[in-house]
Amino acid sequence: MLDTIVIPLLKILVLLNAVLVAVTFMTLLERKVIAWAQSRLGPMRVGPYGVLQAIADPIKLILKEDITPARADRMLFTLAPILSLVPALVVFSVVPFGGDELFYVTDINVGLLFIISVTSIGVYGIILAGWASNSKYPLLASLRASAQLISYEIAVTMTLVSVILTAGTLSMVGIVEAQQESGLWFGFVQPVAFVLVLIGGLAETNRAPFDLPEAEQELTGGFHTEYSGMRFALFFLAEYANMIVITAVVTILFWGGWLRPFPNVEALAFLDLVPGWIWFFGKMFVFLYLFIWIRATLPRYRYDQLMRLGWKVLIPIAIANIVVTGVFKVLL
Amino acid sequence: MTGQAAAAPIFDTDELVINMGPQHPSTHGVLRVVLRLDGERVVDADVVIGYIHRGIEKLCENRDWTQIILLTDRMDYVAAATNNLGYCETVEKLMEIEVPRRARYIRTILAELQRIASHCLWLGTHAMDIGAMTVFLYAFRERELILDLFEEYCGARLTYNSMRIGGLPLDIPTGWDVKVREFCKVMDEKVPEYEELLTNNRIWLERTRDIGVISAEDAIGLGLCGPPLRGSGVYRDVRKDEPYAAYDELEFDVPLGTRGDTYDRYLIRLEEFRQSIRLIRQALDGLPEGPVMGKVPRLIKPKAGETYHAIESPKGELGYFIVSDGRATNPYRMRVRPPSFCNLQGLRPLVVGHLVADVVALIGTIDIVLGEVDR
Amino acid sequence: MAEAIAFYTLAVLILGLGVAVVTTPKTVHSVLFLVLNFLCVAILYVVLRAEFLAVIQVLVYAGGIVVLYLFVVMLVNLKRAPEAHEDPRRLARLGLGLSGAVLLELAGIVVYSYGRAAPSSAPAAPVEGIVGNTEELGWLLYTDYLIPFEVASVLLLVAMVGAIVLARRES
Amino acid sequence: MADAPKSGEPAAESSSAQPPDARPPAGTDGDAAAKPVEPAAEAPAGKGGASGDTAAAKPKPAAAAKPRPKPKPKAPPEAPKGPVDPPPPEDLERPAFLTALEAALPGRIHGLAYWVGDWTVIVTPDALLDVAAFLKDSDDGSFDYCSDLTATDWPPRGKRFDVLYCLYSTRLRQRVRIKVQAGDGESVPSVTGLWPAANWLEREVWDMFGVDFTGHPDLRRILMPDGWQGHPQRKDYPLEGPGELLLESPMEWLRLRNARDEAEIE
Amino acid sequence: MEITSAHYTVLSAALFSIGVIGVLVRRNVIIIFMAIELMLNAVNINLVAHARYLENLIGQVFVVFVIAVAAAEAAVGLGILLAFFRNKETVNIDEMNIMRW
């Protein structure tokens, strides 16, 4: 009873809270990093160096009036933000933050597929938000979003196949262990796949330069144009939670998860003094920073260019990568 | 969506009419563009303006000649000094007043500073529209320096009222020229910074190359002016063709485009940053001594007659057509030829056939200020 | 016990959502119920130790096919209710009766087979090594069922080409 | 497009209703008829004697010399009677395109004016397209760029509107202005066929002055709202109107508006 | 309480019947398609349940094929539907009474 129900529930509780807190502070991190990139200070008023801004923002959003447009589809309008947040949170159940059983809720033998499939549910939130708003810009945005997310999902899944081939398992813990055995992070074995997943991840999370569904200069905010208050905040939570998921997946698949650099080199054994989860979060942070950095730097793609990139560049490369990986796998 | 006649397209997605503006983040004010879309492709566009029409031309008929300078500030409010300059030059032409050389030089400096400020704003918003938000803040950072300079010169940061008929209200403050030189040095470093972020950026290239191409003939026919006209390769710069202020005594180049697309217009404006800095440096070097106010009658009352005079504002050819009846202390008719208005007219041919995302890029590339379009 | 709770909860959800799918007047809501239905079915697969299929169910059905439905519903933006027109020759009652008959028939089979159906191989201990094992499933698919698998891939290719040809606008 | 003239439309309109058939074929216009509206006491127009005419026989001085005893208009006494249009000094060399124009279209040019370096060709509406096309296409002119198109309103004059076309040649870098005189309700041919740029500019002139352009593809209001009444830049457009009244006493405004609407219905 | 394969069979049968009702009673083609998906899912539940209780993976293999067929069916069916809608502007099955246009 304790092992099967209480402990997992406790873990889930802790994880959920941790993720939500992390997400709120992600917004602060994003604002700060972008501010530094743009030679500004970012939020400075709430708390020392604006640290408490992350708490002030949600409070503000909760207190705001929650507006439902008169002609909106009320049920879907309410459901959409939830549908977009829940999958993003569910995914964390199979993300191992460390090698010890303490650091993950569960390790299922189809962990990676589980992540892919559950994140694919998140698209409903965006599509239904656009539809339920009964407004033209959100509708355009949701059409964009559905096409974009499905296209890039194909590209990312295809790419992950080659990683699965290399690792020989779908379990997230298993993949890290495979890296430990081979003594090499898969980022070095599968550099192409890494780049593809990173690009696809940007697109899957609607981050710049692929933030077309919420391009505020074109579609006035896209699918969440009509949203306000906490429902609007839920979309943001989902976006940042997805970002964290993607960085976690990239860390696990390509950069050895909680492993120290060169896990098999004995000379570097002193690095093991640093606990695994610190390595993990450190690596995640690097990628989160990269995501934010990219947003501060690059202009936005256009819809057709985005689709062209997805279908004509990423997917062929991903397939070629699978073939090459397969050939090596057979030969070696 | 309701009430469509049988003649309307049967498939709803075939044509979607969306109203871009008047409240929209990237229409640079209260521009409204009614887009007919086929999917995301623009089939037709109707540009609706007039949302901040304040009747400045009518107002001018009831203000005396000096008060009008103040009204011209409110047209292109991001380039008030060039508006002042155009108006003052026109009245001076009408009254045949000789402006002292020092005043003409300072006017040139102010106008070129204003051009840099206006282009900074353009660059920032244009890049922002295409999604590059850092450039926006970089450009505004430099614009702030110019506003500081203007503040020191005339006390205002946006609506300067910085010129008078016959010259300038005041000479430059002590040390101002040094600060302008320092600014030029800063700008020398910052322009490459913008270029680094955009010029060779692949996404920027894909978003701007071959977008909104307009041929030289079409550009002339549509009455485009300023960078959009030069982007199509037409050598037309009022500063060169019909020199005013001190431009005939200074050296500068007029950058020309070859393809007439959004990217060329971007390059031209970036080059104009450099040319403006060059002009400011020359004007500072050759700044003559002397008064800043010419011999102007106490009561400004031009003889009856009418004239058209144009200057090159940051947006293009800014013309004033003024009719004096010789009797009243206010113009009988004052007409402004707003460059933004004429350039905006080119928006429809530019956007048709492009995607929604390009519409914002094209609104950005023609560089409009709605205060000037609507007056 | 746990399985019973899971089964009954899921069964109620699946049937309830199924009824909602076919009865809701708004098509979009219908699609939404369909997604939820599929998710519940996926959970049922997990209960049945078919994790791989559960994931595939979510990925293909919920993440792919139903998005397609949603897309079509959004494209087919109806100006009048599709139920507005009824064919007088239509025998809806007969349809309802027929479906009742199907239900009865199925129930009969179930009742008939209840005693003798062979869950004799203790369901409490389904063989962990086989059921839900992705590797085993893959092995089967790529050896014994290779030809059906390839045929299925050809079918998908044909479907893809057909869908593109059908949906493309003549220009 | 609602274009009902405002009820408070010009007092001077009575005189502007002068039929255009009074125009002699030589090229003089309704001016002659309307001129006398201007009280003689107001004669000291800016250029005084210079407000004479070209050799093309403009009967301005004559009109000013013997004012007909018409009723004094309600227009403010200082209202000028029209633009000055000073003729070019005799010793000034004319640009090549003007001599070519005069040679090519003799008699169609109503007059020439020159002031502070700007040349103006004055034509009648029916000659506008010919003159404009010639200026655009001739080698000496090649005015391919329509930099501005506007109008001025001189209510006391019979043909109260001057429509002005500021042309520029991107090849020869020269400017010229065409001036067309049009009466209220008289239409001017649209030059959108020659310069697409004129599209919005003509719309603006129509919006602001009510000058009708025939052949314009899309003559709608551009700056004012679609249902606006009247044309704001006419000199007789009330400067204080329903706007202020609406703010001060809405009921009174409503009463006036209803009265106006009823009058319109009748 | 023991859950046997019969429980799953009943569930499957019920879901299948709901699908049949949807197909036979509704007139909106999209809903009909969705009802067909429900029926396929009912079959899948049956297959997976028996795969477990008979300790045989072939049922699961078959489910993979069913899902593939369902995907193909959805793609082609919705393609036809779109083409039809474009011409007749209806998704009512009662109005789909011609084979060509």
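Note that the chains take the letters A, B, C, D and E in the order they are written out, and that residue 1 is the start of every chain.
The rule is short, and it goes like this: a contact is a pair of C-beta atoms (placed from the backbone, for glycine too) under 8 Å apart; a residue touches a chain by one contact, two chains touch by 3 or more.
Keep in mind that this is a model prediction, so the values were computed, not measured.
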Comparison of B-D and A-B (more C-beta pairs in contact): B-D
Most centrally placed chain, judged by C-alpha centres: B
Length of the line joining the C-alpha centres of chain B and chain C, rounded to whole Å: 62
Between chain D and chain A, distance of the C-alpha-averaged centres to the nearest whole Å: 66
Centre-of-Cα separation between chain E and chain A, whole angstrom: 33
Inter-centroid spacing, chain D versus chain C (mean Cα positions, whole Å): 76
Where chain B touches two or more other chains, by residue: 11
Residue list for chain C, restricted to those that touch at least two other chains: 52, 56, 64, 75-76, 79, 133
Chain A contact footprint on chain B (complex, rising order): 16, 18-19, 24-26, 37, 40, 127-134, 137-138, 141, 197-198, 201, 203-204, 206-207, 355-360
Residue numbers on chain C that touch chain E, as the complex places them: 1, 3-4, 7, 11, 14-15, 18-19, 21-22, 27, 30-31, 34, 37-38, 41, 44-45, 48-50, 52-53, 56-57, 60-61, 64-65, 68-69, 72-73, 75-76, 78-79, 82-87, 90, 92, 95-96, 98-100, 102-103, 106-107, 109-110, 113-114, 117-119, 121, 123-124, 126-127, 130-131, 133, 136-137, 140-141, 145, 148-149, 152-153, 155-156, 158-160, 162-167, 169
List of chain B residues in touch with chain D within their complex: 49-50, 53, 55, 57-58, 62, 93-94, 96, 218, 220-223, 225, 234-236, 241-242, 303-308, 310, 317, 319, 321, 323-328, 332-333, 335, 337, 341-342, 344-345, 374-375
Chain E residues within the chain C interface of the complex: 1-11, 13-22, 24-31, 33-35, 37-38, 41, 44-45, 48-49, 51-55, 57-58, 60-61, 63-65, 67-76, 78-83, 85-86, 89-92, 94-95, 97
Residues of chain C defined as touching chain A within the complex: 26, 28-29, 32, 35, 39, 51-52, 55-56, 58-59, 62-64, 67, 70-71, 74, 132-134
